[in-house]
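There are structures below to look over.
Across the two complexes that follow, chain A remains constant while its partner is chain B and subsequently chain C.
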Partner chain A sequence: MARPSVSARLHDLERQRAQVLSHPLARGIAPDEVQRFLATLPDQRFPSLCYAARGATPLIQPRGGVPLFEDQLALTQALSSAGADFIPLTIDSYTRHNQYDTATQLLKRSEEEGRSYLNGYPLVSHGHELTRQLYVGLDKPVSLRHGTPDARLLVEVAIASGIVEIEGGGLCYCLPYSEGFPLDRCLLYWQYVDRVCALYSTPQRPVHRESFGPLSATLVPPAIAMAIEIVEALLAAEQGVASFAVSFGQTGSFIQDVATARVLRKLARHYLDEFGFGSVRLSLVYHQWMGQFPAQRERAAALIAGSALIAGVIDADKIVVKTVDEALGIPRPSVNAEAVDTVRYVLRTFSAAGAIDSPTIELEATLLESEVRSILGAIFALSGDVFWESVYRAFQLGYLDVPFSPHADNANKLVSMRDGNHSIRISDAGQVPISAADAATERRLLEARADRSDLTYRQMLADISLMV
Partner chain B sequence: MTAGAPRRPRLVIGVIGDDIHVVGNRIMHLALEESGCQVFNLRTRNRPEHFCQAALETNADAVFVSSLNGEGEYWCADFRHRLTAMGMGQVLLYVGGNVVVGNRPEAEVEALFRGYGFDRVYHQRPDIGAAIVDLFEDLKNGTTQRIRATA
Partner chain C sequence: MTLPGATSSSQPGVRYALDIGSTVVKLARLDGAGMLETQQFFPRDFEAGIARQVGDVLAAAGIDPERDTILACSSANGGLRIGIVCLTKHFSGAALRNQILLAGANPEFVHDMDEANGDSRRVDMLLVGGGIDCEDAGPAERRLLDFDPGRYRYGTLAYAGNRFLADAFVQRFAGTLVIANPLADSLSGRVGGVFETVRRAYLDDLVFKEGVSELPGQLGRSIRPTPEVANRGFLRAVQNQSTFTIVGACIVLDIGGATTDLHYTVEVVSESSLVRPARGMSVARYVFTDIGIVASRDTLMAQLRGHTQLYEFLGAVLGQDVRDVFAALREGDYTPSPALLSYACLFLALDRFAKGRGPGLPTGDLDKVAQIILTGGAAQTLDVSAVNRVVALMLSPGGAPPLVQVDQRYEIWVGGITWTDDMPA
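And now, the complex of A and B:
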């Protein structure tokens, strides 16, 4: 039995770190120099200070990454002028899979031919010295968005570039993003990332970590997403991370979004406190609809506005926004800037923060809280010398089962569908350890839906395409 | 299949190439199981030899190859040949998804894969229902390739 504990903190990082930093593309990163560089950045570059200072509405973050430095600079300036509160740096998929040579070759080709051969910014290929130049004079945080199972070098380069919000985690950046990366190795590599974030933190200005709750963004029951978010918060806290955001993706159900936000906030705080991490600053991030997007721009705009409204209702600390071109491909900077403006407009005009409640929301929150407690309780009870080993066991046993994960070792026993409120229900829990009573409630709510298709797969297709 | 045998149809399914689009694969798995088949799912990132070895191991009646990113055209050319070489030439062979890159007429795509030895081709058809109806028809009648060859 292994519960989260500060005794799991890595104390012998030096050898591994020297090896990571010996990569030619680390370009001689020296932690002492990076620490001095970080000290020169304004306070507003650090997410925890922005979260503490935010007003009544959520902070806004778009997504965006392009291969060429000049284009990324233009995108950064466009998003900043449009009123983005966080500036994204989205990484290309070759870099995400540690294929730095390919990323470097395709960067060169993109530069020569003036068209994009990469779907993001190849940060490791560009290096920290050049990337620092993207953010000279910027007074808002930069967020690293990727999907990298082994992000050790990438994160070293990111922090050396002045990027002090690092998204990801051993579960959330493996199960939705990788077919074959061994999960145990991924958990260990993310311990390294968490530890490096902690080492670069100062008490006033911590390097901030954020988990990625949407996962596969396809019928993921909120209890699964919340259990994974809380596990990753605990793993990060073990390594000394002092500022952490849990997140989740819009479920498609207003009721379930409100209930999920309430339970996630409450339980993340509860478990951090229980295991001695009461000083960790916690925030909540809401992702606009991450599933299949409508190709029709008017519908996409309506969806973006609707989810902005929900972000206000649940009083998210930050909302990550989509664009009207989501279904079509990577958006142009102007379209991205428009999305920021739309969300800002909705948050300002429909300022709705404050408690919202109904018996249905209450029932949903009670059910979700009970499920998350059951899953986490079962993980804490598993064998292992340290917590990450119990987490790995939980995955092997199918306790953590992410629907539509491409990962070869994901259990795929859990089956989920939508009920009459569009809430995501567990129709078969597989090996996920929720109580018999909760499983029965899930099925009862599902069966109450009047317009169900007789065929599971037809219903699932309809449920996946909900927003189209 | 031997007449009267209580055996459920045995199917190998999976996504070909370096494609990790898993949503359709999962839906297919559920749909085929729901229709009474025994499904051996290779999931994502498979080479032709993975499908053929699995067909041999499981004594499959049919193989469903999926491609969402269009890699299908590159990988599928010698599929029937491989199966025949291992004594599995009678296996039904289906392909579906976005099986080629770019916008090409459906008839052209179908002819291409028929030429590769596939029994049925479902290019850009979102519902697998029609394929399941065809499958049960073909299980009774045998491969459409052989019928055509002997006609």
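And now, the complex of A and C:
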């Protein structure tokens, strides 16, 4: 049995780190110089300080990444001017898959032809010295958004560039994004990332980590998402990460979103404390609808406004916003700026943190908490010398099972659908170790749906396309 | 003759490890922490046979098989040969093939069921599989019932396909060994029944063919296939469960007399490779049966002589004017040293991996490799700087050189031989 412990901390990082930093595209990154550079950044660049200072409404973060430096600079300035509280840096797909040569070639071609051949900013190809210039004078945190199973070099370059919010994790950036990248390798590579983040942190200004709770963003039961978020928080804490954000994606059910936020915040804190990580600063991030987005501008705008309202109600520390162009492609800077403005308007106008409660929400929260405790309890009881091994085994055994994950280590036994109030229900738990009573409750709630179809796949398709 | 160090494992935790190779028997002493303390090598005595030679070696070292703990592995008979017949080569065929490799056996061929000519090579087991577990499998059933095993030469017929078609298959071919379908109903390709069955068959095969059952004490019943041992050792290393520090995407080359075994973390496989390791695997292996410094010396030399980068290779290894050596080697008038042969094994194995040249071998992206570990007896004489120069021949210009290490304490092997079934892996 392997429970989370500080004794799992990587102690022999130097050899691995020397190899990672020997890559030519690391361009001679020297940790000492990076440490000195980070010390020159204003406090406002560090997320945990921003979270501590935020007012009554969630902070706002858009998404955005384009290949050319000048365009990324313009996007950064546009988003900052529009009132974004966090500035995103979204990475291109080739870099995410460690294909730096291809990314560099396509960057060069993009520069020569003045058009984009990449779907994000190729950070490793640009390098840390140039990327530092993107953020000169900026007094907001920059968030690295990617989806990279092996993010060791990318994160080294990011932190050297002054980016001190690192999204991802060994589970959340592998299961939804990769079919074949070995999960055990991914977990180990993210131990490196977590350890490097910890090494660059100071007690007052920690490098912040954030997990990606939406996962496949397709009918993921909140209990699964929460269990994974808590596991990643514990894995990061083992490596010394001092500031961590758990997150989840809008479920499609107002009731379930409120209940999920309540349970996730409570249990993440509970388990961090239980395993001796009480000093870790915890925050909660809410992702606007990550599923299939309506193509009509009006519906997209309504969806964005509605989810902004929910973010305010659940008192999220941060909301990650979508744009009305979501169904169409990569948003233009102006549309991205509009989305930030819309969300800020809704948050300011309808500020209502913690104002909602009801017996239905209470019942939902009780059910979710029971499920998450069961799942985590079963993982903690698995064999293994260290916690990550138990987590890896949990996937092999199907204890953690993410619907619609393309990954080979995912069991794909769990079946989920929506009930009458659009909450995601577990129709068949597969090997996920929830109690018989909770499984029965899930089925009972599902069967109460009035328009329930006997054809599972038709019902699922309709449920996936809920917002369209 | 006694093994250097203490002569008995009666000290707490001390164990002995025995590796019966095709040309050498290795006896090692492991300390209480499972680390290699000492080891000795003995040329195989083919006249005496395995059982007698091992008995003599243990007796001379003062080891009592009834009292002392002995871990043993063998590749002495060249491994179990398996033929695969499946519905789709790239899916069920790949899943079956990978489990066979993990179990330490050698897949001889992968055919689909419609292969008209079969295969004349004799295999120890013909494994028929394909499809997921579902009742409505009309097309698969038709192909399965049309299948004619008479086109193959095999010792045992095994079925590992859609479980709903198993009865029909057994009715047609009485005595068929039925194994759980690795694809089950979720296309997962997980390690399971096939791996276990082939592993057992490998052990039975060893016992049957090599007289290993006559080994003293419990050895005959506990011996394990050497390729599986190496693969387990590598897996333990990449999962940070051994003393070896793995720094990233990694390759292990085990250079031997008859074969060169390539073990690799699967992220090394090129994105564009048409052949891919089965899903869900963290490490994979490939055996170059024609690359080795003793039994496969002739095929090794033939490949080396014809290689377009021979001159560059010689320059990287010998580091001097190599014109004369180059010319003599081309003409077949040069007798290379064992060390040069070992470098050639390294060069050719990496080159073929980078080009995907080998049946069922994926194309490797050597630029992704962060670490190369050389293990096995033949690797001990290699110079790291020369290895670096050889590897550089195959990297893209400006590419990051991998960390090259020689496994001088046989840690990969020790990690594998001390692995037990109840360990997480």
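In this text, the second predicted complex is superposed on the first by the 467 of 468 C-alpha atoms of A that agree within 3 Å, B and C clash if a C-alpha of one lies under 4 Å from a C-alpha of the other, contacts with A are read in each partner's own complex, and residues count from 1 in each chain.
The working rule: a contact is a pair of C-beta atoms (placed from the backbone, for glycine too) under 8 Å apart; a residue touches a chain by one contact, two chains touch by 3 or more.
It should be emphasised that the depicted structure is a prediction, and the values quoted were computed from it without experimental measurement.
Look at chain A after the overlay: chain B and chain C clash there.
Of the two partner chains, chain B is the only one touched by A:457; chain C is not. When the two structures are aligned on the shared chain, A:140 is found in touch with neither chain B nor chain C.
Judged by the touch definition given at the top, the superposed model places A:373 against neither chain B nor chain C. Once the two complexes are laid over each other on the shared chain, residue contacts for A:179 go to chain B and to chain C alike.
In the superposition on chain A, contact of A:415 is made with chain B only, not with chain C. In the superposition on chain A, A:218 makes contact with chain B only, while chain C stays out of contact range. In the superposed model, A:385 makes contact with chain C only, not with chain B.
A simple residue count on chain A separates chain B from chain C, and the partner touching more is C. When both complexes are overlaid on chain A, the residue A:404 reaches chain B alone and has no touch with chain C.
By the touch criterion defined above, A:16 reaches chain C but does not reach chain B. Of 8-16, 116-124 or 134-142, the segment of chain B whose C-alpha atoms clash with chain C in the superposed model is 8-16. Once the two complexes are overlaid on chain A, the chain A residues touched by chain B in the first and by chain C in the second are 179-180, 408, 412.
The residues of chain A lying in touch with chain B in their complex are 179-180, 216, 218, 403-406, 408, 412, 415, 455-458, 460-461, 464. Residues of chain B that touch chain A in their complex: 20-23, 26-28, 30-31, 34, 43-45, 126-129. Chain A makes touch with chain C in their complex at residues 12, 15-16, 18-20, 22-24, 97-99, 101, 149-150, 152, 179-185, 188-189, 383-385, 389, 392-393, 396, 408-409, 411-413. Residue ranges on chain C touching chain A, taken from their complex, read 186, 188-190, 238-241, 245-249, 265-267, 271, 276-277, 279-283, 367-368, 370-371, 396, 398-403, 422, 424.
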